[in-house]
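In what follows, chain A forms one complex with chain B and a second complex with chain C.
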Partner chain A sequence: MWRNSLYNELIKITARPRSFLGVAAITLIIVLIQVAMKMDGLSYIQFITAPIEQNLIIEGNILNGNLMTFIILQMLLIHIPLLVAFITGDLISGEAAMGTLRILLTKPVSRANIYWSKYLAGALYTILLLLWIAILAWGGGHLLFGTGDLIILNSDGIVILQAHDIFWRLSAALLQATLALLTISTLSIFFSCFADNSIGPIVSTMGVVILFTLVGSLDVPIFTYIRPLLFTTHMAAWRLWFNDPVPYADIAFSSVILVLHIIILAGLGLWKFNRKDILS
Partner chain B sequence: MKPLLSARNLVKDYGSFRAVHDVSFDVYPGDVLGFLGPNGAGKSTTLRMLLSLIRPTEGQIHIFEKDLLTHRTSILSKIGCIIEKPDFYKYLSARKNLQLFARWSAQDIPNSKIDELLEFVGLGDRGKDKVAGFSHGMRQRLGIAQALLNDPELILLDEPTTGLDPQGIIEVRELILRLKNERNKTIVLSSHLLSEIELIANRMVIINKGKALVQGEVAVLLNASELFVSFHVDDVQKAMDCIHQSKYATSISMHQPNEFQMQINREDIPAIIKLCTDNQIAIYSVEGRRKLEDYFLKLTST
Partner chain C sequence: MKILLYAITLCIPFMSFGQSSDEVITKLQAKFKKVKEYTVKAQIDTRLPFIKMLPVSAQILYKQPDVFKVESKGIAIIPRQGFDQIGKLINNSGAFTVVPQGTAELQGVLTQVVTLIPNQDTGEVLVGKLWIDPVKIVVLKSQLTTRSNGTVSADFVYGTQAVNALPDKITFSIDTKKFKIPKAMTGDMNSSARPKPETPSDTKGSITIYLSNYIVKY
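So, the complex of A and B:
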């Protein structure tokens, strides 16, 4: 029955045009960035590296597929939560609005089965979306720009990673980003359990993301205690994999916070869904 | 005979509002139970409780001699239903929708069964079309096909003819009658139309403001209730004088300028008509209404 339920949920997601709108938009953005960088990327790189070139001589293919992948991930991972919430926030509430949840819950399937199959389908969509971005950014980047060392400027200075040292970091960073996006999908499914319309959970999810981000960025003493516990503080933890040396303790802490959010929100969502009166 | 479904002292509260108040009833194998009441009477809430879509605040529901709360999935595997509107995944075809629900039915339902059901509800040639393009009547028929997927022993239909045009109402009623007559299904049907219940059901429960007011055999309830017959005539006074001199003198209940009303049996109507025509009183119309109908109309108008 689990397999049937998951299969049904995947059919529903793939049959809806809206599921591919985000994918199409992301594909378009990545292709646009890559074409633009191919045409005028060097002047952009010179602008970025100008301050350090007074002390350093940079040689070789700086504008390469690895740098392009990093740039694209950095740009897109801020916006993907909206796309994820757009699909996962609709999984339960959208069916309530359509009236199909009413029929679905009269079938001989436990509510937990329905909840988890929706959750898994949402998680699969999130993972595939991220994988698609990675494939497009990395594959397209290497095809257009070739390979090379990765030079990253961050608040601590410059990090130079050799070409052969990047792929495993990228893979680990994607797993880390997956965890962050799964937190978003879990949050939107949680809100979805309370609503009978599609918009509410999407707006609520983005509202929480914006609120937590604001709380995390404000330099108010009381927030310094809260900040490490907010999932938004750990949304960009994937970047830590590109530090040298890799701060494993920080990554582990971020992962634990994100996993705790996922467990608590998924549990609360299931609790609510099991008790939900279907009035729509 | 043991009831197939037994609801005892069902109560549902929404905050301080009591939507269903101590409702109890039984459904026996082969029954078509009409659940009759005006809009907002608590019919849908009660049916939703029978399907575990809503948790009762109080009361017990036993279906197939099992408690609904503890045996939900095994009970639902033998139930088919349409609750209010027949909603489907509009972006999928009728057949795909049925395949989807079939996979949730805890049974191995072959595609041939789905095609057979589409045929049964008259949608055999529309299986590949997306539901988005279906009329309300077609969706209602698809809803019935969906309800029959698991060959249920008990079918719950909540206002299955609401929103349909006259042709659609006839088609859906015929389908329900076929389920009763050809497939011998036990059916619980809610409606706000007494005439519909009278046509389809053999037993009924009248519910209003969350309370079950009357229940029993439809035939017994309707036949037992006295008949009010209105006679529209050209000369009410003359007609009244004639009747006062007959054995029906005490039957007259009221009169208006062109109409008088009598509480009589069906069999007495021809005698009254003869009495009038023998006295050269022109009768324009004779209209019979049962006491239960009046009672129900009174319920629905308040």
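So, the complex of A and C:
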């Protein structure tokens, strides 16, 4: 039964133009970045490596497909939460607003079944969106720029990874990023359970992301203890896979925090959905 | 008699070489000029406090007078100054004044220390100091002070190509400023790590280049 429900939810997602608007926007952005970097990427790279090149010469193909993939992931993973929230924040509240939720719940299917099918459909959309970014960034990057070692700039130094050592890190980083984006989708579905309009959950999700990011970036002692517990602190944990050596303990901690957020928010969402009054 | 003994004792270091600093430099010039072109395989091991990378293989090509290329499939980092600078400086005989600085023991060899002061103050190299093995006529250590990059010192170890003054191993000691890039540029916005207090070791590093399989053209 849950397969039918999931199938129905996937049809609903694919039937909405906004689902493809996000994909189209991402495609356009990635292509634009790649073309711009192909035309004038070297000067951008030289601007960044200038502090190092005062004393040292960096030889080799710095601007390659691996670096392009990393740059694109870094740029887009800040904005993807909004695209994810556009779809997942609408899954329950959108139907409540249209009045179709009442009809849906008259089916001989438990509320939990409907909730989880919506949740899984949202998760699947999130995963596919991320996968599309990875394929486009990696494939297009390698096609246009070729392969090579990956130079990663951190605020306190640089890490240079050899070309053969990158693909497994990229795969692991994508899994880590999936976890972060699933937290966003879970949060927006959680808000969606409380709302009867589409905009509320999307705005609330982005509001929480912005608030937590601000709290996390403010170097105030009172936030020192809160910061590690905020999911936004661990949104960029995918970058840790590109450190050398890989800080497995930090990655595990970030993963635990994100999974805890997913479990708690999904549980609270289910609890609310089971008790939701359908008034529309 | 005593004065004569003192004079002899003082002159022993110079007498043991049997050649002046100018002669050593002239012989070194001849060695450098003898090699018109060479290619060599290099293994570059970069150990700088702000760079984490594995050793990289590369190919180095040198052609007189000033063609110097490093070709690498991966990303390689080499010092901006000090690699081919000695050759460039030495080959131009009228461009500097040789100032003898006495002797010093290095790698178990009693080297002749000379300072090279460029005759024109418009060049990149401000002053160069060389520790030269007077028997093999090779540079065992160099210390170049350049206009834009401060002082770079290098230690040389020779093998079969000592006859051509081409080293098997070069170790560059590099002083770097504390590397810092704004978080907005690097993207690690959520990194909550506090900056560590700077220590002297944060600004000192080395790049060691192992050279093998020379193909030399005279």
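What we mean here is this: the second predicted complex is superposed on the first by the 280 of 280 C-alpha atoms of A that agree within 3 Å, B and C clash if a C-alpha of one lies under 4 Å from a C-alpha of the other, contacts with A are read in each partner's own complex, and residues count from 1 in each chain.
One rule holds for everything that comes next: contacts are C-beta pairs under 8 Å (C-beta built on N, C-alpha and C of every residue); 3 or more make two chains touch, one makes a residue touch a chain.
Fair warning: this is a prediction, and the values are worked out from it, not measured in the lab.
When the two structures are aligned on the shared chain, A:N55 is found in touch with chain C, with no touch to chain B. In the superposed model, A:R16 makes contact with chain B only, not with chain C. Look at A:G99: by the touch rule set out above, it reaches chain B but stays clear of chain C. Look at A:Q162: by the touch rule set out above, it reaches chain C but stays clear of chain B.
When the two structures are aligned on the shared chain, A:S171 is found in touch with neither chain B nor chain C.
When the two complexes are overlaid on their common chain A, residue A:D244 makes contact with chain C while staying clear of chain B.
If you count the residues of chain A touched by chain B and by chain C, you find the higher number for C. In the superposition on chain A, contact of A:Q46 is made with neither chain B nor chain C. Chain A has no residue lying at the interface with chain B in one structure and with chain C in the other. Interface residues of chain B facing chain A in the complex, by the touch rule stated above, are 48, 51-55, 72-77, 79, 81, 83-85, 87-92, 96, 100-101, 103-106, 146, 150. Those residues of chain A that touch chain B in the shared complex are 1, 4-5, 7-8, 11-12, 15-17, 98-100, 102-110, 275, 277-279.
Within the complex formed with chain C, the chain A residues making contact are 48, 51-62, 74-75, 148-149, 151, 153-163, 213, 216-217, 227-228, 232-236, 239, 244. In the complex of the two chains, the chain C residues touching chain A come out as 48-54, 56, 58, 70-80, 148-150, 174, 176-177, 179-183, 185-193, 195-196.
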